[in-house]
Each structure stands twice: as C-alpha cells, then as structure tokens.
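Order of writing sets the labels: A, B, C, D and E. Residues in every chain begin at 1.
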Amino acid sequence: MSDWIAIGALAAVGVLIPIGMMSVSALLRPSVPETGKSTTYESGETPTGGTRIRFNIQYYMVALLFVVFDIETVLLFPWAVIYRPAISAGVPMIDLLWPMLVFVGILAIGLVWAWRSGAISWARSPRATSRKTERDLN
Amino acid sequence: MVNTLPQVAALLPVFLLAFTGLALLLVDTISPDTRSNTSMAVVGAVGSLAASAASVWLVVSGTGSPDTGGAITLFAEAIKVDTMALFFSAIFASVTALVVVAAHDYFHDHASPAAFYSLTLFAATGMALLAAANSLAVVFVALEMVSLPSYVLVAYLKRNRGSVEAGLKYFLVGALSSAIFLFGISLVYAATGSLLFGGVAEGIGSLDGLAGIAGLGIVMIVGGVAYKTASVPFHFWAPEAYEGAPAPVSAFLSSASKAAGFVVAFRLFTEAFPVGASLAAGIDWVLAFGVLAAVTMTLGNFAAAVQEEVKRMLAYSSIGHAGYVLIGVAALSAGGSANGSVMGAAMAHLLVYGFMNTGAFLFVAMAERWGVGRTFEDYAGLAKRAPVASTAMAVFMFSLAGLPPFAGFFSKYFLFMGAIDNGFLWLAAFGAVNSVVSLYYYSRVVKALFIDDPASSSSLDAIDVRPTGLYAAVVFAAVATVLLLPGFGPVIETAEAAASALF
Amino acid sequence: MTAVASSIPPEWYLLLAAAVFCIGLFGVLTRNDALYFLMSVELMMNAANINFVAFALYYGDLTGQVFALFVIALAAAEVAIGIGIILVLYRNFGVTDVTVPTEMRW
Amino acid sequence: MGTAPAQLFPEYLVDTFGIDSVLGDVVASLIGAALVANIILAFSGVAGPWAKRKITAAFTDRIAVDRIGPFGLLIIPAAAVQLLAKELIVPEGVDRPTWDIAPILLPASAMLGFSVIPMGQIGPLNIHLADPEVGLALVFAFASIASVSLVMAGYASNNKYSFLGGLRAVAQNLAYEIPLIVTAMSVVIFAGTLQISGVVGAQTETLATVAGFDIPAWFAFVNPFAFVLFLTANMAEIGRNPFDIPEAPTEIVGGYQTEYSSAYFVLFYLGEFVHIFLGGAILSVVFLGGASGPGPESISFIWFVVKVWGFFLFTQWARAAIPRVRIDQLIEIGWKGMLVLSFANLVLTAVIVGVIA
Amino acid sequence: MIEALIGFTFAAALLVLLAPDEWAGRLAFAFSLLPFAGSLYLWSGFESAGNALTGGDIGYMTQIEWLEVGGRTVSWFVGVDGISLPLVVLTTFLVPLAIVSAWTPIDSRQSQFYGLMLFMEANLLGVFTALDFFLWFVFWEAVLVPMYFLIGVWGGPRRKYAAIKFFVYTNAASLLMFIGFMSLTFALGGSVSSFALPEITGAIADGGLGTWFGISPDRIAMVAFLAMFAGFAVKVPIVPVHTWLPDAHVEAPTPVSVLLAGVLLKMGTYALLRFNFTMLPDQASALAVPIAAIAVISVIYGAMLALAQKDLKRIVAYSSVSSMGYVILGLVVFTEYGVGGATFQMVAHGLISGLMFMAVGVIYNATHTRMVGDMSGMADRMPVAVGILVAGAFGYMGLPLMAGFAGEFFIFVGSFAAPSLPYAPIFTALAMFGIVIVAGYLLSAMQSTLFGPFELETDYDVGPAPFHDVAPLAVLLVAIIVLGVAPDIFFEMIRDAAVPVVEGVTING
C-alpha cells in the first residue's frame, strides 16, 4: 500500500481536529458584538495610522538570500544521498567532492558579497546602529 | 595544441566569463565602500576580452569542427562544443566587453555599479553556455541564466521610472514566455522521452499518435524563441525594455541576448527538430518561421520608421533585424543545398550586428551621458561638437541599413542569397524591401547628426565631457564594423562551416 | 507508489498539466496585479513539472525528474527577482498594478 | 538501509484484518492516523501545557496549578473548555479567509510532520504511519509550513504587532532553515538515504563500548558538532526561547497571535506545542537513534517518549534560563554564524565519510 | 599598383580627416597630387590591348580571393583597360583641381570636407578599376556616402532636400541594378564560380544563362538588362530620372559640383558600357531604338530645360543632362566610333563641365549670386576668369580643337551610319540639333552676365579672382585643348577596348 495514503489520512485528521474545535467553540461561545472590542489592539491605546506599515527592507534581503540557499539545498540533497553509496561503489572521493565544492564555493562568494555589501546586516549604517530603537529593530 | 588539452578546455570561454563574474563580486567584496567603478570595469573588460580571445583562438585552432574530430560533448552529452558554439561565444564576449567598457562612464556616478558588471558577466556566461547546449534542460537553465540577470539589468536604475517600468514589462513577458517555453519542452519530453537533442530528434522521427503533443510543444518552443529574439508575437516588450533600460543594457540585450535566442533556434531546429523529420511528422515549423520572419521584419521596420525617439527607433529596428536573422531558420528545407549557407549567413549577420547595433546603442548611451534629449531633433548638429562619435554613429547606421560599403551589407546579402538558393525567393524579397525602408529611418539619424542645425546655439553646450570609456567602445565598434568588410571572408566561411556541420 | 502511478494512463497527466497550465494562463491574462501574475506563472511552470515527473516515470528515465528539480530552483529564482522588480515598481509608482506604469507609449 | 523496518502500522492493520483493497488501505490509514493524532494531542494538548506551568514554576521557585484535580491536572480540560467557550472577537479589517485558515494550518502542518516519524512500539504495534523514500525531506517540508501559517495570521490580523510578528517569524525561519537542513544533510551523507527508517537504521550499530556499556552509533555521538548546530537551529525553527522573536510579548504584545482569541487562540497554542514536540521527534530521529534504546524492541515507545520529553524539558529550561536575543542578533547569528558553520560541517563530514568509507 | 593607389588615397583621407582645419586644404592638395602622379605612371606603362571583360589584357591586374560563399568566390580583382584608364586619369586629375577650388568657398570643418573628398576619390578609383562585381558594388555605393555628406553639410540653403533626394534616388537605383545583376548570376547557376566580371561576361556569351524560378533565360536577360539600365540611368542621368541632378548641383558647393559632374556622372555611363552593353549586347541591340530615343530626348529636353533656367549652375547642370544623352547615343549604336567616342566624351565632358562649374563657382565666390539677371559685365572685373569661362563654354558647344568637339564628332561619325540602329541618321540629326540649342543658351547666358556694363549692387569691391581660384581653371582649359588637338592620346586605347564590345553584338535586321 502507498505511504501517501497514510500521510493523507493524517493530513485529514490533522485538519479535522482544528476544524472540530472551531465548530465546538462556535456552538459554545456567546456573541456580543461591540465596536470597542473589534478595534485593533495597540497596547490599549487608540490605534494610530494604517496597519500596512513600511518595514525594514532587510526582510526582503533575507527572503531573497533564503531563496538562493534554499535552492542550493534542493540541489544538494540528491548529492548527499548518493555520496556514500558512490564512495562504497569505488568512485574516487575527489570526483564526488569537487562538484559540491564548486557549487558551494560559488554560493559562498555570493554570501560573502551579500555580507560585505550589507545585505544581511539588520541595521544598515553605523549611525543607525548607534541609535537602534525598537522601530529600527523590526 | 588544443588537442592536447583536456576536452573540458573547450568550455574555456564559458569558464572565463563565469570566473570574471565571480571575480567582480570578490573585487567588490574587498572594497565595498570605495565602490571602485574603474577597477570593476577593468576586471570585467579584461575578463570578457579574454573570453573573446579564447573563443577566437579555439575557433581558429579548429576545436569542435568536423576537421578535428567533430563536436566535443561533455557532461553526459548535455554540452556540445562545436564551431557554432565558439562562434557565438565570441559574439557574446565581444559585446560584453564593449558594454562593460561603456558602462564605466555611464554609471560613473551610480551608487553601486558592482552588481551591474557581475550581472552582465553572468548573463554572458549563460549565453555562452546556451550556445553549447545539447539538451533541452541545459537550454532552459542557460536561458534563465541569461534572462534573470537581464531583468535586473533593465530595471537597474531603480529610481528611474522608465527603467523600472521597462524592467517590469520585460520581466512580465519574460516570465510568461519562459513558462510557455518550459511547457513546450515538457510536451516534447512527453512525446519523445528525451531531453537530449539527439534523443528528441530520434523521437520526432518515430512519433506514434503523439505528433499533436510534439507539435504543440514545438509551437510553444517557437514562442519562447520568439521572445528571446524579440520577434513577433513576443516582440512587444522590446521597444519598452530597450527604451527604458540604461542604454548599455539596451545594447547588451539587443545584440547579445538576441544572438543567444538565435543560437537556441539554430540548434533546436537543426538538431532536435530537424526539418525532414518534423515535416514527416506533420509539424511544419518552417512555414511558421517564414511567416514570423516576414511579419517581424515588416513590423519592426515600419514601426521604426515612425518613431521620434532614437532609442525607440533602434529598438524597433532591432526587431526588424530579428526578422532578417529568422530567415536563417525559416529558409531551411529538407536536404536543401544552401541550408548551411543561409544559416551561416544568419550567424555572420549576428556577429556584424553585434558590433554595429551595440555601437549604435552605446552612442545613445553617450548622448544620455551628455544629457542631450532623446528625439531626432535633439540629436541635431551633434557632429559639430562630437565629430568622431557622430562619424562612428553614421557608420553604424549605414551598416545597419545594409549599405554596401559596410559589413552589414555583406551579411544581409548572403542571407538573402542563401534564402533564394534554397527556394525562398519571397523571404529574400521581403528582406530586400525592408532593407530599403530601413535606409529611410537610419539615414534620419545621420541627417540629424550631420546636416541639421542644432535647435538652439546653447543646445550643444551639454557636450561638456569626453567619456573615455564610451568613446573607446563606440570607436572600437565602428572600427570593427568597418574592418569586418575586408575581413568578412574568414567570418562567413567559419560561420558557414559551423552551420553546415549541423545538417 | 510506482504501482499506483503507473496504473494511471499518461494522458491523464497531460490533461492535468494542461489544466494547471491553462489556469495559470488564465490568471496571467485576466489579472492586472503583478503578484497574481507571479503566482500564475508559477502555476504554469509547475504544470510543466507535472509533465516532467510523470513522463520520467512513464519512460523510466530520471532526467525528467532531475530537470523538474532545476525548474523548481529556477522558478524560485525568478520569483525572487520578480518580487524585487515589483518592489521597485511599488516604490516608484505606488502600485503593483501592471497597467498603471505608462511612462512610455505601449 | 540498515535493519529492515518493522511493519508499518497501517500495513499491520491491513494484514491483521485482511482488508486488502484501496478502501481498506484508507480505513487502516485513518485508524493509524487517529492513533498518532491522539498521542500527539496527549503530549501537546494535555501534558505539555501542564508540564510547562509546573516546570516554569519550579524554575522560578513558585507553585503552579495545584487546585483542580490531582497535581492540578484537571486544569487543562478546564482551561480548554473555558477558552473554547469564550467569545471570538473578530477585529475590524481582518482578511477573513486567511485569518481563519491560519490557526488550522499551524497545528495541522506540525501534526502532519509526525506521519513519517517512527515512534517506537507499544507491544506489537509499531507506531509509524508511513516511510516514504523522501521522508527526511518531507518532514522538514511539513515543519516549514508552520511559518506560512504564522505569516498568514500576522498579515490577516490587520494589526501592526501581528504583522511584525509574522514578518519576524518568516525572517527567523528563513535564517535557520538552511543551517537546519544543511546539518541534516551531513547526517544524510552518513546514512546514504533520505528514508527515515534508513536514517534510524544507520544509528543502530555500536559505536564504542565504554566500561561494558555499548554506546550506540547515534549521530549525536558520531558528530556532536552537528548535533549542537542542529539543536540550536531547531530551537529557532520552532520559535522557542531564546528565539521566541515572533511572539516576543515584551516587544510586540503577542506577535502574530495578538488579535486571536477563543478557539483560534487555543489552536495556535496547541500548534506551538505540537511544533515543539515535532522538533523533538525530528531531533530524536536524526540524531538520537529514533525510538531505539537499550532494552527490548517492544518498549521503544518509552524511549521515544523519553527523548521527546527530554527535548521538551530542554526547551523549558532554555526558556527559563536564557534571555531572548534581539532580532538583529538573531538574523546575523543565523546568516553569518550558523550558515557558515553548517557548510563547514557539511564539507568536513563529506571528507571524513569519504576517507573512512 | 592599383592597390597602392587606392590604399594611399584612403590613408590620405584619414590623415586629412584628423588634420587641423587650418592646413587641411593644403595637405589634401599635396596628398591628391600623388594619386595623379600614380595614374600618370599607370598610363605611361599601359600597353594592354582589348577589353578587360571580353578576354582582353588587363593592365596592372591583381586578383586575391576575399571570401567564398555559396560556391562563388568574391575577390579583390582590379585592373585597367583602355576604357577605365582614361577615367582613372580623369579622376585623379580633377580631384586636386577641385580641392584647390575649394580653398576659397569652404570655410568651416575643412578637415572633414577635404577628408571626404579624398575618401570619395579613393572610392571612385575603386569603381573604375574593380573587375569583381562585389568589389565594384562596394566602391560604387561607397561613393554615395561622402557625396551625401558633402552636399548635405556644406551645401546651399536647400542642401538637406538635395542631399536626401540624391541619396534616395541613387540608392533606389543601386538596388534595382543590384537585383538585376543578381538575377543574372542566379540564372547563370553553376556555370560561374565567382563574381569576376570577365568570367560572368564570358559565361553569358557562352550561353550559360539557365532557367531560374521557371523564367526563361532570354526573359531573365531582358529583365536584368532593363533593371540595370534603369538603375544606371538614374546615375547618368537620363530623362526622365534626372530630376535629382539639378537640385544636387545647385545646392552642392562648387568643388563638389565639379566632381559630381566631372566624375560621378561618368560612373553611370561607365557602368552602362561595362554591364549593359558589354555583357548583354543582344538585349542592347534589341532595345536599340527605344534607348536611342531616350538618348535623343535627353539631349533635346536637357538643352531645352537649360534654356529656361536663370541660375548659371542650373544651366550647366541641365546641359550635363544633355551631354550625357550623346554618350548614351554613342553607346547604343554599337560602332567602333560610337562606343569609343562615347568613352572619349565621358572624359571630355568631365573636363569641360568641371571647368564650367569651377568658373561659375569663381564668379559666385565674388558676387554671391548665380542668377543670370542679377549681374552683368563681369568681364570688366574678373577678366581672366571670365575669359576661361567663355573658352569653356565654347568647348561645351563643340568648338573644334577642343575636347568636346572631338568627343561629339566621334559619336556622330559612329552613329550616323550605325548598322545596328534603325533610323540612325534621323537620331543623329536630332541629336546634332541639340548642339544648336546648347549654343543658344550658353551664348545668351554669357551675353547677359559677362558683357556689357558692370551692374551688381554689393557693399564690397568685386575684383579679380585670387590666383588659386583661377589656376585650376587654366589647367583645365589647357587639358581640354590638348585633348582636343590630340585626341589620340586617349582615343587610341579607348578604341582598342571598344572594338571587342562592338564585335560582341549580333546585328539584327
């Protein structure tokens, strides 16, 4: 039988349990609508401004960097899987290692470049670092 | 001498370009704050010139040509280095060198030029790899390797609304067409069970009931090629992208990137979907390409004729030239005697085009650097203050128009003659008529530069700098365009031999 | 797994892939928002992946599967760049609607 | 592939009851899934919250939950009922479908991760739902869905804090996902397979015998460096102290769950616990020999429980003992430290495996 | 030898382009003397006989393969024969004089001007010496580019219009001609292996034309003939495609007009002789009557138009159209004297029209007008220049002992009793009538401008022209007289080369 049937079954169960809890709660809970309740919570103060705030550009940087390395892992996994069997089958180690080293090396250059050009420093300039506030840290 | 090297040395141009791109990142890493524009440009130019020299050397020494044992296949046949691959590597690397040198001045006050150089080099690497692809998988990967940096390059001036808009539109059409291209590949794979060109060709020869799938896949692949070469029906990004992009990028895209698209077409439609087998399977892509070529050149030329802005005119003219080169594929016939001639002529045209079109866009870059306007009127009288650059521009324009004293004439001539030899008189006629039309708008530029008077006496005051790099690149391109006339013999003979080897 | 997969005729995979592709194409053609566009293009690429994986199985040839991995990687890279471009688009034009920027004539 | 894995739980059911059809497979799988879900719920829905309070109280020298039931055990059902019966406050401007789906997705995805985890045996029952060839990749994939739900919740809530919390969750997950997987990859190099049973099977041999006691070849012993890296990355992945940036109550109220109440809040709370236990399970599979341990095979479920709870205790200890890192520190540690170290580990492991094999 | 000549001229052009404006004119003149000396050297050592295209000797021949495509080679193939050598000499002789005559009128961007002049000279030499079609075509087209700039940049008020009209007309014509020639080569198919003109001529004569795209050889030859004739006719120019010429002449600066009338027009007749009449004599004789008719119309119509003009330059320009008509007539009759005379007339007209334009230019330099009605009595103020102008005008009218007489005389002798042209005497007589008109308009123009009391309102003194303006006029006049007294110095070799052309035709009826 297929492993995937079992996985699908657990997925179904995993989704059904939360939905079941929500349903039960929907039956049990009261509903007393009131405008004060439904305002956005901002530590008890009256909400100011919109919620679509401009946030630190570094979030994007990190996301872009992640894409690069995530792809790398996708392509490295097959290599990792065959590595030991191939060694056992008598393939010289250097033949197996160099493609990975080249691959990782290229990415390493990319990482170092990103590092040096400040893509992964959360606060970008020395001045910004010196007056790190809560807002900057976001 | 080459034969004593390991086979992988045939990929030397690709490696050189890739290493240069990485080296540029390293240079920038060593001194990210000083942003040494000059050192980056020097490294980039040296690297791409080295790659160009390596390509030429490998071609001259006969690497991959039938005389020395045929094409060199590497990496489980995914890569195949033959004369055509090296020929195109030479085009890509030369254009890259010109663009990099020119960019030095164009980005003289840009905050972070580093990425520009390395992205250009990486795109060039992708192109060189593309030229050597022997598998649909490599084609797609390399194509994306060209496209992805190109998107960024077009939108490189991120505070310039035109550049961003151009980048967006280029990206949208690019992403869509690469998805279509990919789906086409997947259908071909589904029908033939192979991604290697040879395997696909075998599969095409023995389709049973899957001809429809394969045909649809090929149509989609044609679409992808049309995008990359800025041909109808995926041409409409080109005017936008070329106009909005920084001019060196326009030069790069319209010369090198287009050539990259064509090398794919040349390979795919000779090795993977050979004419004979495709026709036997009921897939008549020859006719499709014929129609595309005719429509593309007509549309490009007539649209160029009504433009008011020089850069946009060049963009449309670049579409027109794509139409000419498409003849190289459209005029193939099963067992045609002139198959090699016509495709070789198309290759030679791309080489010549690489210099003359790059040069023309770099002249526009120079005008942008000076800050004169973008329309024909704004260019009026520039020759009074910048005679050398204007002369170079005149050379490019006349060569693009195919006027006989310049290299552009020969390449077009051999293209049309090859088409006639293969029985495609109508394509050659279309091409000839379009060439005549093109003379009109190309000569408008020359007229503006040399003959028209400047709009006002102060309008030439903007020309207050002599950007050395741009000048060097433009003059070099002009000299190359002129010298390719006497030197056309080896070029066309190499190209023809390279193309003939595919049939 | 193999038993189940190979018991399904290949035409079904083709149909599924074509359906996914068409959904993506429909999204591309009808949505003006750049982000929807990105998602739709992803769908189209994944339609191709379905074909690759399915026919790799059908032909007993690993290339298709490996290529699908590459495609995933490239698609991700494309999205990364697309997001970057959409970001500068938003900075310059204040929208992510692709029909708004008309600095140049179309 | 190591020793042949014991028969998977659904297969056992199928064989035992002789229902050899697709429908039978489905039914057997559902039964197995229900069992696994129950175990998870017992851990994370009941024992976990209770233990958390007790442990925290112990660390801070306080007394906690001792009123309802023996050792205050009944506080959990009481709290559950109380929370479920609370009014659901839907703040204005929420993006409704997204806001609703997020709390379902978090526990579901974490629970799904358990589908490939071998939990050892209870008597004759081998509690292991599925063992696909790509199990290890799959479990990371399932675990990663959690961050999607967090960002969904943060985005949909129409609240600055929620939004920031969601963003932080993503940034953190991204930063530590790569070290986590690359470190796991070094294990894959040893095991030569992605199949969970293979990974576990590769840890059954005896590494050394010290004073008559066999030390098994658990990867934690084979490669302690990787173990430490993995443990750290794992902590960040599940968002526990000192890496609880996405919630960070003193900074951004409650992060992504600020606007959630009633059953929706319960689901997030539950999901976090499931996620912690999944982290423990992954750790035990990859580095601690899965459900194996001294003694007969039939008590291996006990070992599994011990390992998972060991990890849980560790997280609670960290929660009490280590201050939260700042977001900038977190990101920079991830990209500049962990990533580099994990790649160094990968290359070294490859070389070592190549030399000794 | 010829390579050296052309190469040196190119190099000189480049050097002059880069030279400072102040002494570009002097430098260019100095440089341009060397090609002239070279061409004299060629002349002195020239011993070949026969026509280069029909298997005769080719003087100073060089043939180096350039490239090979589609089974046909293109080569650097140059050489001279009795037809081209006089034109080479004419070119190298006129250019230094034109350069000197530019010293006065050209006062801006001199280095570019003189550079382009030399560049054009180099290409003209190429046109007259190239014996490979491709090479020839490249030079042929390359002449247009500097001409375009010379008219467009340094021309008169309507220079843009004139330059573009010139460019468009001549380019369209080139394309037509090119297509015509190419269809010939395609029809020749495998019977030729190169684009060398002698080989192609030989192949056509041997009946190498085949069917191509279903079109019969005869028809292809006829189409090619017509296309090439039309193409060259623009260049010559022949009525009715002459309209670019007056505009170009009027707007072009004097030295450019000199070269335009003196040499560029000869490219058209030279090409007609080489291609249409040498390669396709059968078609030429089949179409003899219409061509002769066009020629005569050109003569008469050009002369009539000249009669109606007020602008001296326009008068000379239209009279060039008229003179070219004689040349065509001489070519189409296919007799030894007709073809030879036509060739001789090319040279003679080159000198005479050069003289006329130059003289008009000298007057214009002084008066800044060319309108017949604006001035009179110029002879008072500029006796030498006016004297030479009058002499030149008489040369134009065909005064004996001047070159124009010799050329026209040969043509009429050849055409009067031409066996291949029906009604030859009538055509000849009509053409001769043209001379009367020429005399009429030239005399009347002279009368009103040069003689009588001086009447021109200027705020400066109109005095004698400077020496370097008059000297070229004198030199030209001497050359015209020498050629008129002793036409054999050229006609001998021209006849050598013309005879094989005449023999190639089969006389029908």
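Some notes on this structure:
By definition in this document, contacts are C-beta pairs under 8 Å (C-beta built on N, C-alpha and C of every residue); 3 or more make two chains touch, one makes a residue touch a chain.
Each chain and its UniProt protein: A = NADH-quinone oxidoreductase subunit A; B, E = Oxidoreductase; C = NADH-quinone oxidoreductase subunit K; D = NADH-quinone oxidoreductase subunit H.
This one's a predicted model, so the numbers in the text were calculated from it and none came from an experiment.
Any chain that touches subunit A and also touches subunit B (Oxidoreductase) is listed here: C. Counted as hops between touching chains, the shortest connection from subunit A to subunit D is 1.
Each chain's centre was taken as the mean of its CA atoms, and the one lying most distant from subunit B (Oxidoreductase) is D.
Interface comparison, A-C against B-C: more C-beta pairs in contact at B-C. Separation between the centroids of subunit B (Oxidoreductase) and subunit D, computed from CA atoms only, is 52 Å.
Look at where the CA atoms of subunit B (Oxidoreductase) average out and do the same for subunit C: the two points lie 26 Å apart.
Between subunit D and subunit E (Oxidoreductase), the centres computed from C-alpha atoms are 94 Å apart. The mean-CA centres of subunit B (Oxidoreductase) and subunit E (Oxidoreductase) are about 42 angstrom from one another, to the nearest whole unit. Counting partners per residue, subunit E (Oxidoreductase) has no residue that reaches two or more other chains.
For subunit A, the set of residues touching two or more other chains reads 2-4, 63, 70.
Residues of subunit C found to touch two or more other chains are 1, 66, 70, 77, 84. Applying the touch definition to every pair of chains gives A-B, A-C, A-D, B-C, B-E. Every residue of subunit B (Oxidoreductase) that touches subunit E (Oxidoreductase) in the complex is listed here, in rising order: 338, 341, 344-345, 383-384, 387, 394, 398, 403-405, 409, 414, 417-418, 420-421, 425, 432, 436, 439, 443, 446-447, 450-452, 485-486, 488-490, 492-493, 496.
The touching residues of subunit C, when paired with subunit A in their complex, are 1, 4, 66, 69-70, 72-73, 76-77, 79-80, 83-84, 87. Of all residues in subunit A, those touching subunit D in their complex are 1-15, 17-19, 21-22, 24-26, 28-32, 37-43, 51-53, 55, 58-59, 62-63, 65-66, 69-70, 72-73, 76-77, 80-85, 87-88, 93, 96-97, 100-101, 104, 108, 111, 115, 120-123, 132, 134, 137-138. Touching subunit B (Oxidoreductase) in their complex are the following residues of subunit E (Oxidoreductase): 65-70, 74, 109, 112, 123, 137-142, 144-145, 148-149, 152-153, 159-160, 163-164, 167, 171-172, 174-175, 179, 182, 186, 213. Residue ranges of subunit D in contact with subunit A, taken from their complex: 8-11, 14, 22, 25-26, 28-30, 32-34, 36-37, 41, 81, 84-93, 103-104, 107-109, 111-112, 114-116, 129-132, 137-138, 158-161, 163-164, 167-168, 170-171, 174-175, 177-178, 181-182, 185-186, 188-194, 251, 253, 258-259, 262-264, 266-267, 270, 326-328, 331-332, 335-336, 339-340, 343, 346-347, 350-351, 353-355, 357.
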